[in-house]
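Step one of this worksheet: look at the structure below.
As written, the chains take the letters A, B and C, and residue 1 is the first residue of each chain.
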Amino acid sequence: MAVAIHLENCAKTFPDGTHALEPLTLDIAAGEVIVLLGPSGCGKTTTLRIIAGLESPDPGGRVLFDREDVTPQPIEKRGVGMVFQSYALFPNMSVAENIGYGLRVRDVAKDERDRRVAEMLKLVDLESFGARRVDQLSGGQRQRVALARALAIQPRALLLDEPLTALDAKLREQLRVEIDRLLRQLGITAVYVTHDQAEAMALGDRIVVMEKGRIAQSGTPQEIYHHPATAFVADFIGTMNRLAGEVVDSHLVVAAGRLPLGRIAAREVMFRPEDVRLVRPGEHHLEAKVISSFFLGDHTRLVVDAGGTSPLVVETTERRTWPRGETVHLAVVDGAILPVPSQAP
Amino acid sequence: MRKPLRYWLQLTVTLAVCAFLVVPVGLSILAGITENFFIGVKSGLTMRWVSEVWNLYSETIWRSIGIALACLAATLTLGVPVAYALARAQSRFTRWIEELLTLPIAVPGLATALALILLYGGWRDFRASWLFILVGHVLFTLPFMVRSVLAVMMAVDLKTLEEAAASLGASFRQRFLSVVLPNVRPGIVAGSLMVVTLSMGEFNLTWMLHTPLTKTLPVGLADSYASMRLELGSAYTLIFLVMIVPLLVSLQWAAARAERRGA
Amino acid sequence: MDPVARDRRRALALAVPALAVFAAFWLLPMARLVQVGASGPDGIAAYFAVVTNANYFRSLASTVALSAGVSVVTLVLSLIAGIFLQRNRFSGRGVLISLMTLPLAFPGVVVGFLVILLVGRQGLVGDVTTRLFDEKVVLAYGMAGLFIGYLYFSIPRVILTIMASVEKLDPALEEAARSLGASTWQVLRDVILPALTPAIISSGAICFATSMGAFGTAFTLATQINVLPLTIYNEFTNYANFSMAASLSIVLGIITWAALAAARSLAGAGVAAAG
């Protein structure tokens, strides 16, 4: 029942001239959970709406569900389940009526409808909530009703447009786990849009990072995190330290020291803050001065000046404090140094 | 804590304004049930003026009610779709349409009435019927219905609700009836009360458009003020107040509900 | 088959019936009115008669003066009462506000009648002054009567607008001013009134436009003062001077429309001339 989705050459230009999407080709396997990740304006929501049928691609673009060309089909016919950022629950209906709406519209018999609604309420842990009005629900509860409503019609694909953005941090984390569990359990094809990279990495089988209407990189969370393909992806996902200098004798020589490059031969390199270790003098690659330190509970984040254009960020679990101006000695873990990719993807 | 002088001054002004607005109404009610206003309450209270008004003018009262209800039906059928169009179409045209529809209330009723008479006055059947008055009332009350419904439509983010309904498979007709209309009900109720209230009290247009056979309540009132004794005019006004005040109170209540809807 | 375009087209189609009615019963008649206005012996010059003809000019001038005066007085009274009502809670407040806004639905004729009851020949004020000063004060049938009548239907409307705006004032601004040492009067002058200015200007303009176009009240009071709507009525009914009536009403319509357009650009919704 879950479909494979194929977008071919889908571009979108709005009437006022904005190019929301450059011609984009994307393949989603049946049952796969992919996350469209990127800053606002990158085209991720437009892509989702094209899959849904709320927007149509510029002429020449096609949307296929399995092998069927659904491009001319409006959303009413596509059989997708959609969860909106604002949940869009119908205020004039109770929770049960909301969930059952898609079934009612399909003329499903009342008994069958009630049965399915009860099933959905159980699925999202809201069993006794059927008779409640929408305005009596908390944010997290509304979100679950929105999910249940979309799933009740047994959709071919589930499309989620930043469903957790409106919730506070703790609730978001909680619901993230629940959504993940649900998606695995149902084996449904899902397209999830978010600008929160932590969310993307936690949920997606595959992440599609988008920038300015184009796909910047598509891959598993690990691939994206450890091997960003472009400078944009590197900067967007997590924090990246950057250093530039002269290559001498397979080492990068910078003001603060020398980094072993191995087989990489790049004038500018990058590495993650958690891959930097604090070591004793003599074992170090770089020497730096502490600018500020942030105790974050389970680790400390140090911002240090290593003579580069921007400070370096170091994350350590060592339990001590670092006063401003103290000199620290840093070493970068083997294999964690990457060349900075050029601007072109 | 003693209230400052400022407070007392403000209170005085407020009470004076209130008295200015309310006392004449009280006078009018009193005059309508007093035997002889010139003498005063001493002459006794009576309902004879009210019943005399009814004998003379009951037709105008029924006609006003009839026109108000017909006006309501017309503004609902014309106005709710227009409000939907303005809420959803989001194009250059929608601003112009809104401006256009508001014109009949931006210019004096007198002008609209004159225009209607000059163009359609020659058409005898139309000119002499209550439909002629109805047309004027519809032109004048339609913007209020549209505005009231539109306000609620904008407040509930109709677009997303419709997209959600469409994503669940609902056709346009299905979602208009099951999602759009139920959620704008407060706006429709407030708009309806507004239309009926305005139509019942409309004079500027109606005075020009009426004929001796199509008099409405306000027209009758003007007649009675000019030609009848004060007690009769007051009794007639009393009947008018009795009809209009409940409408007004309901309108205030409904408008408050419609505003809360968006919160 | 763009769904967005399809939705838009369908939505616009729903506006067609109303627009058709509007075109047939307002646009076309208005066009005829404009045409008739120019069809008299003076032709297009009739449209300037309001300025060139002494009588009409007097009529216009008195209407403008009256409307402007009413607007100013209404604003002052409404500001004092409106701010007070919004800022002070006391028992009976709700009833008081409801009572004060009842006159909103009264047609001009009824307002005229109420003015007669108040300050007419058999009016309350006349009785009171006779008892106190042995002289009956009768104001109803002159400019003063009109003024009182216009005040009567203007205050409820403006007070409601002012009160709604006062409610929306951000208390943090006043608190900030007071924390910086401003006295109550200074807070009023420097924080509250400036914040209320859009509401003041827009409701003032609405008041002006409504007064300019008011007919019923003047008609009932049958005053010797000739305000423009009455002049138009007389031209049409008594002198059958259709072209003059038409041109004058177009001019009046433009004035009221302009005043309301100005109000709208400052406030948005809630704009109409009635009464």
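Throughout what follows, a contact is a pair of C-beta atoms (placed from the backbone, for glycine too) under 8 Å apart; a residue touches a chain by one contact, two chains touch by 3 or more.
Predicted model, so just to flag it, every value in this text is computed and none were measured.
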Centroid comparison with chain B (C-alpha atoms), farthest chain: A
Selected pair, greater C-beta contact count between B-C and A-B: B-C
Averaged-CA centre spacing for the pair chain B and chain A, given as whole angstrom: 54
Chain centre separation in whole Å, for chain C relative to chain B (CA means): 16
Residue numbers of chain A (touch at least two other chains): 54, 74-75
Residue ranges of chain B touching chain C (in the complex, touch as defined): 6-7, 10-11, 13-14, 17-18, 20-25, 27-28, 31, 37-38, 77-79, 81-82, 84-91, 93, 97, 100-112, 114-116, 118-120, 135, 138-139, 142-144, 146-147, 151, 172, 197-198, 200-204, 207-208, 218, 221-222, 225-226, 230, 233-234, 237, 240, 244-245, 247-249, 252
Residues of chain C defined as touching chain A within the complex: 1-4, 6
Footprint of chain B on chain A - complex, ascending: 52, 54, 74-77, 79-82, 84, 86, 88-92, 101-102, 105-106, 149-150, 153
Residue ranges of chain A in contact with chain C within the complex: 53-56, 72, 74-75
Complex contact set, residues of chain B against chain A: 156-157, 160-161, 163-171, 174, 178-179, 182-183, 185
